[in-house]
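All chains are identified by letter, namely A, B, C, D and E, in their written order; residue positions are counted from 1 within each chain.
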Amino acid sequence: GSDDESAGNQNGDNKELEGSVVVDGSGTVYPLMAKMAEEYMINSQPNVSVEVSRSGTSAGFETFLIENGTDFNDASRTIKEEEKAKAEELGMNIKQLKLALDGISIVVNPENDFATELTEQQVIDIFLGKYTKWSDINSDWPSDKIQTYGPNENHGTYEFFYENILDEQDMVGDANLQQEYSTLVKLVSEDKNAIGFFGFGYYDNNKDKVKAVGIDFGNGPVKPSLETISEDGPYANFTRPVFTYLNVDHAKEKPQVLDYAIWVMENVNNYAGEVGFAPLPKEEAEKLANELKELK
Amino acid sequence: MATNSNPNKNAVPVREMIEKKKSSKNISSVFEKLVPTILFLFAIVSILTTIGIIYTLFSETIEFFKRVPITEFFTSTELNPLSQNPDFGILPLINGTILSSLIAMLVAGPIGIMAAVYLSEYASDKVRRTLKPMLEVLAGVPTIVYGFFAFTFVTPLLRSIWPAVDATNILSPGIVMGIMIIPMIASLSEDAMSSVPNSMREGAFALGATRLESTFKVVIPAALSGIIASFILGISRAIGETMIVTIASGSSKNFTFDITQSMQTMTAYIVEVAGGEAPAGSTIYFSLYAVAMTLFVFTLLMNLLARYITRKFREEY
Amino acid sequence: MSIKETDQNNTPNPKNIVYDTQDLNLWYGETHALKNINLSINEKEITAIIGPSGCGKSTYLKTLNRMVEMVPSVRTSGDIKYNGKSILDRSFKVEDLRTRVGMVFQKPNPFPKSVYENVAYGPKIHGIRDKKTLDEIVEKSLKDAFIWDEVKDRLKENAYGLSGGQQQRLCIARTLAIEPDVILMDEPTSALDPISTLKVEELVQNLKENYSIIIVTHNMQQAARISDKTAFFLNGEVVEFDETETLFSNPSDKRTEDYITGRFG
Amino acid sequence: MSIKETDQNNTPNPKNIVYDTQDLNLWYGETHALKNINLSINEKEITAIIGPSGCGKSTYLKTLNRMVEMVPSVRTSGDIKYNGKSILDRSFKVEDLRTRVGMVFQKPNPFPKSVYENVAYGPKIHGIRDKKTLDEIVEKSLKDAFIWDEVKDRLKENAYGLSGGQQQRLCIARTLAIEPDVILMDEPTSALDPISTLKVEELVQNLKENYSIIIVTHNMQQAARISDKTAFFLNGEVVEFDETETLFSNPSDKRTEDYITGRFG
Amino acid sequence: MKYIDINQVQQRMNSRIVKNNFLKYIFFFATILGLIVLAALLIQVLYDGLGVIDYQFLTGRLSTEASRAGIMGAILGTLWLMAVVIPVTVIIGIGTALYLELYLKRGRTQSIIQTNISNLAGVPSIVYGILGLTIFVRAMDFGNVVLAGGLTLSLLILPIVVVAAQESIRAVPQHLSEASYGMGATKWQTIRRIILPAALPGMITGSILAISRAIGETAPLTVIGIPALLIPFPEGITDKFTALPMQIYYWTLDSTLVDEYANLAAATIIVLLLILFILNSIAVIVRNKFQQRY
């Protein structure tokens, strides 16, 4: 249930709104957005229908950047140049709203009691295939073959990992990349030589099945947690923001869209943790909320 | 006009009334002429559906082949649609499709035909009439339910017996698909075997054959074309099956023959691409149609083959 | 429409010709089933058609109400005049013809509806909707078909609950309900037991007062018993057509004699 | 096992009894199809069974190799001894019985296989695998069935390419291939043309030398022509059983006389 | 000269008979194997899902919170889909069947249409999904609403309905229509009053079976695109929707995120199977009750 019953009433005027708000985009952001949509409808505007799809960041942009497109597009990456260009071409005003922070979690099988800590470089080298056996990293470790896992190219998480962590070097050929996180968690939880990566939320929800590795970024090992994940905190190198993009024209035309956007920015920090995202710094969220209020 | 020459007939002047109504019949006779036209329009829908399928698949597939050479598509074993240097080889998908169908047929073929033999040759009328509809319930279970079952029941069961099996693998959905297809094969084969005249069996029994011998040496050979057709239709069904593999086989685009591993079929690829990040107009979007086209051709060929076999090799007894 | 003009209520000349067949030929694809048929059938008489199996009796009967057209491969030449109008003409509406010419089939074929609905079917399709009128028509037709007493309490029941003989009389009642001029009967008793057969024969003889009846039968005794005239068909030809008495007692053709004495067929 | 002891290569006593039926009754559900049948059938003779349709001829024949059991509702009482062994006993293996007693059916029913495979089917299921032996068996059986010359060049062709008469002789050859003691024939010529019928009749008479033959026939002339003894069945009972000559020339029962003179049936 | 050694035959006989009897049991087991699996499936689903089913679950709205999630929206979505599928398939399906059986002359055209229909019946459902996505969702711009989904499913089951309707028309004895024509009825009158009523039970049975197929179909809907979270109930055919099988699909996939989703999926399966069971029972009742004897 919601832990903040007053959330809906903070929202200045209590005018009853109706109509629909259409959200599509990233599957990573989906749990957060779905949670907020639901809470919004329960606590703030019961007659507004917020529908959330998850066709993916890029596919979402396709239906966002057209006439009469969706109102919001969730994104696990920032908008690309060509996407921006398309919006300009259409004369469409869009606004980026940073929602929360996600920490790429490096996980291993719970039975794995040796690789509890790795340096950032070791992680990179593992996924680049420079180590094939655990014993290549540390001669005390077993000489079993390392099996890497991760979400497939469909996911923003993969893109982030590939672009920002591996620095666009090719990932090891036999990496087991999956479309479904359910599959991924299962695979790691059942392969004692597994090492995988995915968003913090999936680790957070499956702590009984997989174990997070502490990463040494230079100042000793850090495990991902709501506290460590932040853009300037100890887990910063593996932290990425997640966004939603707002069609500002829609927000001006449809009060429910704007109202929802404001509500989201005012309340996102209450729900982020619940679904495995680290909250934004308070000021950043407030700033975005205020910018939105000015659109009124 | 008077009909009084015929007093007997006159209690009700039916004749007269009918004649009178005839003048008003013009409206209904227009309707009468219209009916065939209306019905024709309905019948055209099925033709339009076919044209629609072929047209959409074709036009977008051609677009795809402008970007990816057709030879690469059909010969490459690499499928990495989303990577920076994407590869579009359909072989991993065809491999996954063939393996899963093969596993399904290894389950459904023998079991289906044994069930058909039991129902057609051994079971009494009463037993047959209870068992057959019960078996057909299996065919009516939605495939999404089978997918759930494969993922949450069959896979864990397999893994407890054979630890090498991955959490997602092609074996479990293959087996479950096979179970789904059993009723189809059993039912069609049973039809084929039941239509072998009893005089064949009598001929065999009179030579001292046991029921088993009459079945395998006379009835089955005589019904062979029907049985083969049922197998081919079963394969076609397995090739086109989507949800079971989507849920239970993961989405690795491996080109491997190791059935304990995750693989993707053509159908599951379509679900992944259509439901995932496939911006319209991108190569990956068009690849959806190219794969669907391949799938369509595969199943069409199977269906035509099945029909050809039943027609061509129909036994004359 | 112009059929009316030659309706039976014209001058009551008993020798009025209802059907005049001239040089009729009929082919089912390659099979030449009727060959140069010439026959004039009188009004208010019972005309029997006899002949061995496959000689074309049913085919001829079905040509008289153009039911034969339902076989797609059929071709005809020659002419049939019904009350002076050429019926083989495409412009002649078959529905009109069939409204004036009723037909009773070999196997009783009531509709899977109630007894009442079976009889009311014809009037209804011809546009009679009034409940009271329909009631009257049903009652009268069932009475005329000698079956009213047996079914009056079960008008709402399904016709398939009746015995075979009752079903056949119901089919006759159904035909009577549209008051045709002519009734064609194709071996109407061959599927019935002897007692039902007798009842139907009796009924047919009664109907003659008001209807022209053409009856195909396998049963020569039946033809002899009930018909006024008899035509003997063989291999698609009319071998002999005469007063029934003459034909059976003194056939002019050797083949007729052979047939009626049971030497073949 | 003990069947062997009375094998035909024992003392060549022509009056050996091959089948002894005692008080046999048979019901299909409620239908009492065979009533108190008592019949002794001799070895190396042709026994004909005649009677009107539905009198139980086929039923009796099918009881002799227990083929009648294929109808689920069948019940029997009484006994049939085949070479002294009670065959109605459940413990008696039907496959065993049917290996010793061949059967030829009314409608030729070759398997949809090649001519060769049809004849080789029986030996194969009984365990003969050797190609050369099989070839010999096939040739000998086809020769014994008087059909070798007609088919020797088309052994590999499908049996359905043969004419009806050839098919029937092929079915006889198929039966001969398992070297039975007895051959049961149920109207083996009724689906054949006269010429084929003659050929089969000739063949049957030849087979008598080595086999005991029981033949059901509708055709009294046939029974008279070829059989040694004839049983006349009526309504499930044996009315008369005697030497064929006696039965046809001097029947002791009025009903037999009526039947053979064509007064009913 | 005897080729067949009766001793050998005797010896083999026993093993042949034993083999026959043994295999009989194997065949029987093969026949009921499917049923055993079915039982396992049902038990597993009931075990996982039965605890979840209560009034709240059946009537509630969708939620990301497993404890308060309900499937009324999915039930209504499925019903709305059927509101499109049933009229479309029944009218077009029966119309097509009437045309093929009663109006169209046997010949080339007839065999082309007939072949086409049986080929369509073998096209994988996901291909229909692509057709629906391309034509209804995009080209006609309906969006991923009930109408688009319903039309897609309609095309999918149309061949089944046509074939079933054709069979029931063929089962109406010729002599009934002859009787009707013999009374001067026109073709349409005969069809309307004689052939259709007699064929109707068969048509209804066939249609129900086809419709239950449509109710369970998931693949085409995944291609068309169904929102993963849609809380408001659909109120018409131009509304967006979710359907029972889609909900099963999403919950199965997300069961890693929230364990209880697996139970929700199982509970939804129970509801879906129950609906199908009821529909099939109706089909059987219609078939048995209204079967005509002619």
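Keep in mind that, in the parts below, a contact is a pair of C-beta atoms (placed from the backbone, for glycine too) under 8 Å apart; a residue touches a chain by one contact, two chains touch by 3 or more.
Fair warning: this is a prediction, and the values are worked out from it, not measured in the lab.
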item	value
Where chain A and chain B overlap in contact partners, by chain label	E
Relative to chain C, chain with the most remote C-alpha centre	A
Between A-E and D-E, the pair joined by more C-beta contacts	A-E
Interchain centroid distance [CA atoms averaged], chain A/chain D, Å	86
Centre-to-centre distance between chain E and chain B (centres being mean Cα positions), rounded to whole Å	13
Between chain C and chain E, centroid-to-centroid distance (C-alpha), Å	48
Per-residue multi-chain contacts in chain D, two or more chains	95-96, 99, 125-126, 178
Residues of chain A whose C-beta touches two or more other chains	55, 180, 183, 186
Residues of chain E touching at least two other chains	16-17, 186, 225, 252-253
Set of all touching chain pairs, with the criterion as stated earlier	A-B, A-E, B-C, B-D, B-E, C-E, D-E
Chain C - residues contacting chain B, complex	1, 4, 7-9, 12, 96, 99, 123, 126-128, 133, 136-137, 140, 177-179, 209-210
Complex contacts: residues of chain B adjacent to chain D	124-125, 197-210, 213, 217-218, 221-222, 315-317
Sites on chain E touched by chain C in the complex	105-106, 173, 175-176, 178-186, 189, 193-194, 197-198, 292-294
Partner chain A, residues of chain E touching it in the complex	63-65, 68, 225-232, 240, 252-258
Residues of chain B that touch chain A when the two form their complex	80-84, 159, 166-168, 250-252, 262, 272, 275-280
